[in-house]
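One chain, chain A, links the two complexes that follow: it is found with chain B in the first and with chain C in the second.
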Partner chain A sequence: MQLIDHSNNSKSKTVGRALAAATCALLGVHATGSLAKGQPGEWDVETALLVYSETDDRVQAAEPVISATRNFDGERKLNLKLVADTLTGASPSGATPSALPQTYTSPSGNGSYEIAPGEAPLDDTFKDTRVAVSANWEAPINRDYAYSVGAYGSKEYDYLSTAVNASLSRYLNNKNTTLTGGLSLGVDLVDPVGGAPVGLSRMPLNNNKSQADFDQEFAATRDSDDTKTMVDALFGVTQVINRQTLMQFNYGISYSSGYLTDPYKILSVIDDASGSNYGGNLVGGDGNPVYLYEQRPDTRLKHSLYWQTKYMLGNGDVMDGSYRFMIDDWGITSHTLDLKYRWQLGKSYLEPHFRYYLQSEADFYKRYLTASEYNSGAPVMTDASADYRLGEMTGLTFGAKWGYRFDDDRELAIRAEYLIQTNDGDQGFGSLASQDLYPDTNAMWLQLSYSF
Partner chain B sequence: MNTITVSAKDNPAGHPLPQLRGGQLSWQGRFEAMASPCEILLDGVNRRDAEQALAFAARETWRLERTFSRYVSGNPVDRINRGKGEPVTVDDEMALMLDYAAQCHDLSDGRFDITSGVLRRAWRFDGSSHLPEQEETDALLDLVGWDKLSWQRPQLILPEGMEIDFGGIGKEYAVDRVLLDLKQSLPEGSSVLVNFGGDLACSGPRTSGKAWIVGVEDHQKLSGRSGTLSLYCGALATSGDSRRYLLKNGVRYSHILDPRTGWPVPDAPHSVTVAAPTCTLAGMLATFAMLEGAEAEHFLEQQDVQFWVQR
Partner chain C sequence: MPDSRLFYRPLRQAQRVLMPIAFLAATLLTAGCSNLGVKPWERDLLANPDMQLTVSGVDAGLDDHIYFSKEASSGGRGFGGGGCGCN
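Moving on, here comes the complex of A and B:
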């Protein structure tokens, strides 16, 4: 029986193929494959590896990503994504460089590290692994409406982040216009190594004191873990202008509250009393320099406007330009200009990329505090941070991506980018003026991706 | 909505004129032909191109209807059917169609046969319990069989009393023909879908990259969502009509006749829908599956195509 079944099967197959050939002859066409990417019933998988490296032995990161999209019937899609990050290296602690060697207590309180004279104070205990997973589902409601829902979770040693999101889209003018409204809610749990330090409290240093005194002092500067909640809303319009041009406008509003401080960032207190130490680190009663843990406001409201235009040229090349404006109630405004041009070169493409970023500093950004502002432990301000990411900053990114399409489904791409970031601000006084308070950050990253 | 002018010469059957609606770069054109509502969906073309495309589609469809219908006196099919056993010379278009019919007959082991239409004289699928007599169908079988005629391109000799009928190919062929011609004439970057009464084909996804959403009234079970189907590329065609059958003593006689017996194919599905690169191929695979009767699903599983069978 099996033998007969087998021969029937192969005969049926032959019939189908012969029929396909006969039909092509009738229509005067060549047979074409009917399955391509985005076809219902397939998983489209994208894998990528990103390697990020800052110069001067600062942050190094490796980030593998795997993303899979299941297309159910062309419009209903499920996307699952897994990202793992490994960060190693050192990041600027916020303290100023000094003409003298400096010693800092590590975040756990169990040790200390030293920075040589003139060197930028980096916290080299910085090391983390993060795993993030997300799932997103999108589907039409009817001809005019579509929705999406998603969830996100990530975990690193000292941080747990969770979020849910939903959006609703309305199509107008034969889908030439799409209006989208979205909402995202997130809760993060921050559990810093050694506990979250009390904002603007003095970093305990164990020099010149007993371990018991140090431990007591350290414990007094600690809070327990803390949470952060975020609400994001987005309103967008996507408009097909003509066959070549697509334009998108988004307005986003984001509100965060809770623990928004970076528990590992500190500020130096600089002696502004005239004398031999003018411009040096203020020395406290215990004979140690004074460093304070940073403190940021416990709420942040951000508004952003985004405009993007994609233009497809007659030869298949694509120009993509976008501009983003962001303003928040911390006093930061930023402008981002991003330009890409994709050259189609047969089966491959080359896409140069340029990005310009300009940011003003936060109201409470201080490269350092003066002894007067420190006011013998009763600081005159409630918030202060020396985190360079909150300072005045300019970033230039140059990069290019090269991709090769094997067929409709498989694409290999490699992307390389180089970032030059410069900070600027208060240049200090006295002996501090001779220190480089704003070293440039140069970074490069390479990404290799393969989708199938 | 606006009406497209087509000259009376190009509209010999006097169909209502095509209607175009839509705007921006997305259009829907409608007209009637082959006893079906015909629909052309266009993406990424301006109004002028859409009007031209719709006028062209209607003219071409009506031309094909006139050429391949068995009801138009004096057309190529009629000339063949009235040939009285004399050789009839046909043009290239008809010759391709006859070649195709010959191959389909061969590949189906004689089950697909464009001469089987005369069996309709005995079979009226009106939902009643009236079955013809065996003698009646046996007599008609003398007038059925592709192997009884002589086809030597470009000449066909059809024995007197026999008839050919392209009812099982014509509409799907017209869908592909119109789509192929529109694909050539419309500007690059545009996208088009041709839907003649539920047999349809598209040039690819919409210009937005999304699937075409097509209303399909008779086959709600296809997508699990009532009344609509989404199509990225290729074509869909359906064979069968659940309303055309006879019922006697609890046995359902489908309207799919086996030209070798003169009787309905036992256990034929209500309908078969197939997705394939072209509408003609989809339609023929669906017809072959119907002719397989109880083996319809098994046959389709061998073909590496998506299909939906209603029983």
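Moving on, here comes the complex of A and C:
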């Protein structure tokens, strides 16, 4: 925000621009209207409101953001960011749909929810508010080196996340090449509603039993809260290719350990012969079907490669393309392609966006477990999850952003994105085969931004 | 104790993929980069805010958070996300 005498400032800007234009004319290039952002002694503020909505009564979210960057002397910068979000709606539990009504215990253990025959089992007890703050400082060390340090913290009802990061950059070849190395350390505290369930233990259901028996059974499936630690390292090369082209190449390695399971996800156990839910007719059982809490490995090592290119056309339009390859020791590989084209239309711009995502399934992903895999309560595997986000997946996003620049400082923009996720995998057998095991996920988000 | 075979197999796969790319990057760096680039007075277009690798940190942050909670991948452009119980 600018609080100094406006008339003088705009006069000096005009003179500066005239000089720049004259210099560029002499050099045979045309001047571009660069914004007055990043001026020393000013705050640049970016505000936004995002509204996110999934179809079929799934997750709905509203997310306001404010990000402020203080420029000290052109190169030293402090960025502060505050994000809040409120979530409501339902999320797939991992269980399979069935030809019969199904009842599940809610995560707290204090109630249950019912799913109609043929419907996708969604856990509608999902509700959360998250607040995240971050701060980042960057500054040069000398002509050839620069550094940045940052901290992050976020809190939601059942989750606390903290991280610190630092990076060092080295400029080479007249600042045409920048080498960057960075490290981030994070510690998260997971405190699920009702306590974290014991992995692959059976979800207690209160049909056909006393409240005291249910409470005892529920308590037996609970662990206390848990932690997760993450170490990330990132190495990057940014290279100016020519006057119009900039390229970046990153390699990232990320190691997480601790509680990596989703405490709210479950798996259905299916009868090997009929393909229907297993458990209802067990001799000596409680007459309820068997659902198990999921369990993931307690470590994960990910590698990612990222390549991005920006290219400015002769008319000032900008093309932005990126590709990311990721591979991890859970057996997941993914490819992400992202393309944007910024069309300059005088004071405004229009930017269509396309993103393609392809992911293979985790080694322990199972859409359901069979009764023989369940093995009467001693499962044959140590890890299993039916979370669709760990399954084979294709994602397509189509979007566009339109922005209007009032002057050098102020910009208003609106952005809309539409995401279609499709899953594929084991189609089931017997009566399960007639159920839709992989419903699409469709999400749309709208964002209104104003920066000044 | 994780099965060491399961642990190292993806590492080996990653090595197979990463090594040629790392080699290519190193070659590009040592041989090519000194010939690439521009003179200081040719930075007019690159100085345009639209030519920054991340034009809007807010847009990128919001999208990263959405995809982090809907997919099994994160990071690449920067550090690998985290900070929510959504995945």
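Please note the rule applied: the second predicted complex is superposed on the first by the 405 of 452 C-alpha atoms of A that agree within 3 Å, B and C clash if a C-alpha of one lies under 4 Å from a C-alpha of the other, contacts with A are read in each partner's own complex, and residues count from 1 in each chain.
Everything that follows uses one rule, which is that a residue touches a chain if its C-beta (ideal position, glycine included) is under 8 Å from a C-beta of that chain, and two chains touch if they have at least 3 such contacts.
All figures in this text were calculated on a predicted structure; none of them were measured in a lab.
Of the two partner chains placed by superposition, chain B and chain C are both touched by A:Asn174. Shared-chain residue A:Val83: touches chain C; no touch with chain B. Of the two partner chains, chain C is the only one that A:Tyr357 touches; chain B does not reach it.
In the superposition on chain A, no contact is made by A:Tyr145 with either chain B or chain C. Contact with chain B, but none with chain C, is seen for A:Glu75 once the two complexes are overlaid on the shared chain. Of the two partner chains placed around the shared chain by superposition, neither chain B nor chain C is touched by A:Phe406. After superposition on the shared chain, chain A has more residues touched by C, the comparison being chain B against chain C.
Once the two complexes are laid over each other on the shared chain, residue contacts for A:Tyr418 go to neither chain B nor chain C. In the superposition on chain A, contact is made by A:Arg243 with both chain B and chain C. When the two complexes are superposed on chain A, the residues of chain A that touch both chain B and chain C are 24, 27, 29, 31-32, 34, 173-176, 240, 242-243, 312. Those residues of chain A lying in contact with chain C across their complex are 24, 27, 29, 31-32, 34-35, 37, 46, 48, 50, 52, 63, 65, 67, 79, 81, 83, 128, 130, 132, 152, 154, 156, 158-159, 161, 163, 165, 172-177, 182, 184, 186, 188, 190, 192, 230, 232, 234, 237-244, 246, 248-252, 254, 262, 297, 299, 301-306, 308, 310, 312, 316, 318, 320, 322, 324-332, 334, 336, 342, 349, 357, 359, 362-363, 389-390, 393, 395, 401, 413, 415, 417, 419, 421, 441, 443, 445, 447, 449. By the touch criterion stated above, chain A contacts chain B in their complex at residues 9, 12-13, 15-16, 18-20, 22-29, 31-34, 36, 38-40, 73-75, 143, 173-176, 240, 242-243, 312.
Residues 22-26, 44, 96-97, 99-100, 103-104, 107-108, 173, 176-177, 180, 187, 189-190, 205-211, 213, 223-225, 230-234, 275-278, 280-281, 284-285, 288, 298-299, 302-305 of chain B touch chain A in their complex. Only residues 2, 6-7, 9-11, 13-14, 17-18, 21-22, 25, 28-29, 33-34, 36-53, 55-59, 61-63, 65-67, 70-73, 75-80, 82-85, 87 of chain C touch chain A when the two sit together in their complex.
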